[in-house]
Amino acid sequence: MEEQEKTKVMFLCRKAPYGTIFEQEAIEAMVMFGAYEQDISVTFMDDGVFSLKKGQDPSLLGKKNFSKTYMILKDDFEISHLYVEKESLEERGLTEDDLITEVEILDRGALRKKMDEMKAFIPF
Amino acid sequence: MKLGVLIKDGPYMHQAMDSAYNFITAALEMGQEVEVFLYNDGVYNTCNFMDPPRDERHIANLLAELQTKGVRMVVCVAAGKRRGIVTNTVCSAGEISGLGQLLELCITSDRLVTF
Amino acid sequence: MLHIIKKSPYESTALSDFLKYLKENDIVLLTEDAVYAAKKGGKFEENIKGILKSNAVFCLMADTKARGISDAEIIENIKLIDYKGFVDKVIEQNPITWA
Amino acid sequence: MEEQEKTKVMFLCRKAPYGTIFEQEAIEAMVMFGAYEQDISVTFMDDGVFSLKKGQDPSLLGKKNFSKTYMILKDDFEISHLYVEKESLEERGLTEDDLITEVEILDRGALRKKMDEMKAFIPF
Amino acid sequence: MLHIIKKSPYESTALSDFLKYLKENDIVLLTEDAVYAAKKGGKFEENIKGILKSNAVFCLMADTKARGISDAEIIENIKLIDYKGFVDKVIEQNPITWA
Amino acid sequence: MKLGVLIKDGPYMHQAMDSAYNFITAALEMGQEVEVFLYNDGVYNTCNFMDPPRDERHIANLLAELQTKGVRMVVCVAAGKRRGIVTNTVCSAGEISGLGQLLELCITSDRLVTF
């Protein structure tokens, strides 16, 4: 019963990393939200899937490699789900092997079903 | 009904805050409750030093007007510090607080709409 | 679900991005620069007519008026609404903004 | 001879009005540049052509109708040329009759020739 | 002319917008999120290969490295340059930024 | 050669100022002269109150570093007033002046590049 009382919130990460601050500030929010014992999902679609690409090294830009945080979001920060849209990966020539951490790869139909369960969306 | 409003763009540059202002004004007239969270560049909307031409809308003053109508406006502390919206620069309508307030808004509002 | 679009379809892919998640009973709301999609004779007229076959499309009047798009120039069956109508739609269905 | 010493600068207006401040702040720059007796051109292409559409009324947004300034840019502010890209108009279902002021409608080939003469571009 | 592109081709029309003004001897420089256009196997590979037939295409290495695009993943004949190379290109040809 | 640099985006939100900083640093190492004009949201890069996390780059400080290397950085007065970048809030590296300075930069520089 208690499970049902949790608020379901989904982050929609649709932007590429480094070109804008969206990924970085989205992660700041994810880390914070995780501490509140609600039911938080993070979905990567469109250019957001690039945020999960292995091998990022933004040191030449004077920036930090935020992608490593995704590896510990579920275990250390109690994010319930990390979803990636299958079609967005394919369109960008990426496969599961290119991703820095284990995620649930869903097609749009399955993802939309998850979205229908949400109370609120935080789009980036 | 309680409506949560998330604003991610700064003043003047994008229409987001203008659209949100008109949306909120309409919602209040309809008797709805509204609470605002300012994130990303949205924190700039509360800059106390903005001084647009006299014949142009003054966005921080529009926020003050919403506040007098009972709208709480929370400015993300992390996004604000990074950009220089801090105690010395925030307008009186803006209340600096943490990202937890955004999640609280997701919980306590009936709808969250992003501009 | 209420899909809120705010970018011009001529410069952003938001109009095609959200379409992948459009389901029956969803509502579409064109605001800000996205109202250019509602104009007759533009490149996206057929896309919008396609959406109208299955879903209700609303357009924010303040945004069309600002941009000089007269009511007669708006694709048939798109419904013009004001900000109170916008609030109604948000109350009706869970909103998601595609920026 | 004096004509040749003038610096040729072109504004490239590619964004729709009201959704962003670009049109408004571009006009502020045009008005200022006109006073310096250089050779200033303004080109509308892509969504920038919407800035010239007749009948704009942004009062419901609390904004001013900037499009009227285009009518006096040449006479009052000594802007040398107002160009509009023909293809961008067509793609948006606009004709010369839809425009608020008289402009030179050029196709891309002709416009590119003008661009080749410029020393600097101010893109919006 | 040096065409500087900085938006992702997947979310912005900048890549197709600038193409209309590409002429022989022009140089193309992909920077920031536009470097995703330089990645093999993506949706825009054929577009880039088409440009490479007639024009030189450069890509900013700091931006590909940041995004985890290895040198081997970059479409053949695109030349990687650093910021000094960027300065060189600006000196060589008049720059225009398509944002 | 003199390179003019036009910056239209704010700090952190977009990569523009970071790209420009790296470009300018390279140009200076190559012995070129550089002058910067900050327009639109670009004026925010000179906000004296920004206070990012310690492990993150401090963009106003990067501007100060460029200034010590001889780079003039002009902040558009109109864009700045509208957004609250004024005498009280601008960092020491930023010099507030009019749009005429941007045209001057078009005239006096050999190239103008926009970020």
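Note that the chains take the letters A, B, C, D, E and F in the order they are written out, and that residue 1 is the start of every chain.
Everything below uses one rule, namely that a contact is a pair of C-beta atoms (placed from the backbone, for glycine too) under 8 Å apart; a residue touches a chain by one contact, two chains touch by 3 or more.
This is a predicted model, so every value here is computed, not measured.
Steps from chain A to chain D, taking the shortest chain of touch contacts, total 2. Note on connectivity: the fewest steps through touching chains from chain C to chain D is 1. Centroid analysis (C-alpha atoms only) places F farthest from chain C.
Comparing the contact residues of chain B and chain F by number shows a mostly shared set, over half of all numbers used being common to the two copies.
The most distant chain from chain A, with centres taken as the mean of CA atoms, is D. A straight line joining the Cα centres of chain B and chain E is 38 Å long. Here the CA centre of chain B is 33 Å from the CA centre of chain D. With centres set at the average Cα position, the gap from chain B to chain C is 24 Å. If each chain is reduced to the centroid of its CA atoms, chain B and chain F end up 28 Å from each other. Multi-chain contact residues of chain F, defined as those touching 2 or more other chains: 12-13, 15, 22, 40, 56, 111-112, 114.
Within chain A, residues 14, 18-21, 46, 60-61, 63, 119-121, 123 each touch two or more of the remaining chains.
Within chain E, residues 6, 10-11, 13, 17, 32-33, 62, 94-95, 97, 99 each touch two or more of the remaining chains.
Interface note: chains touch in the pairs A-B, A-C, A-E, A-F, B-C, B-D, B-F, C-D, C-E, D-E, D-F, E-F. On the side of chain F, the complex with chain D involves touching residues 4, 6, 39-40, 78-79, 98-100, 102-103, 106-107, 109, 111-112, 114. Of all residues in chain F, those touching chain B in their complex are 10-13, 40-41, 44, 47-53, 56, 81-86, 88-89.
The residues of chain C lying in touch with chain E in their complex are 10-13, 17. Across the complex, chain F is touched by residues 7, 9, 21-22, 25, 28-29, 32-33, 35-36, 38, 119-123 of chain D. Here chain B touches chain D in the complex through residues 12-15, 18, 21-22, 55-57, going by the rule given at the top.
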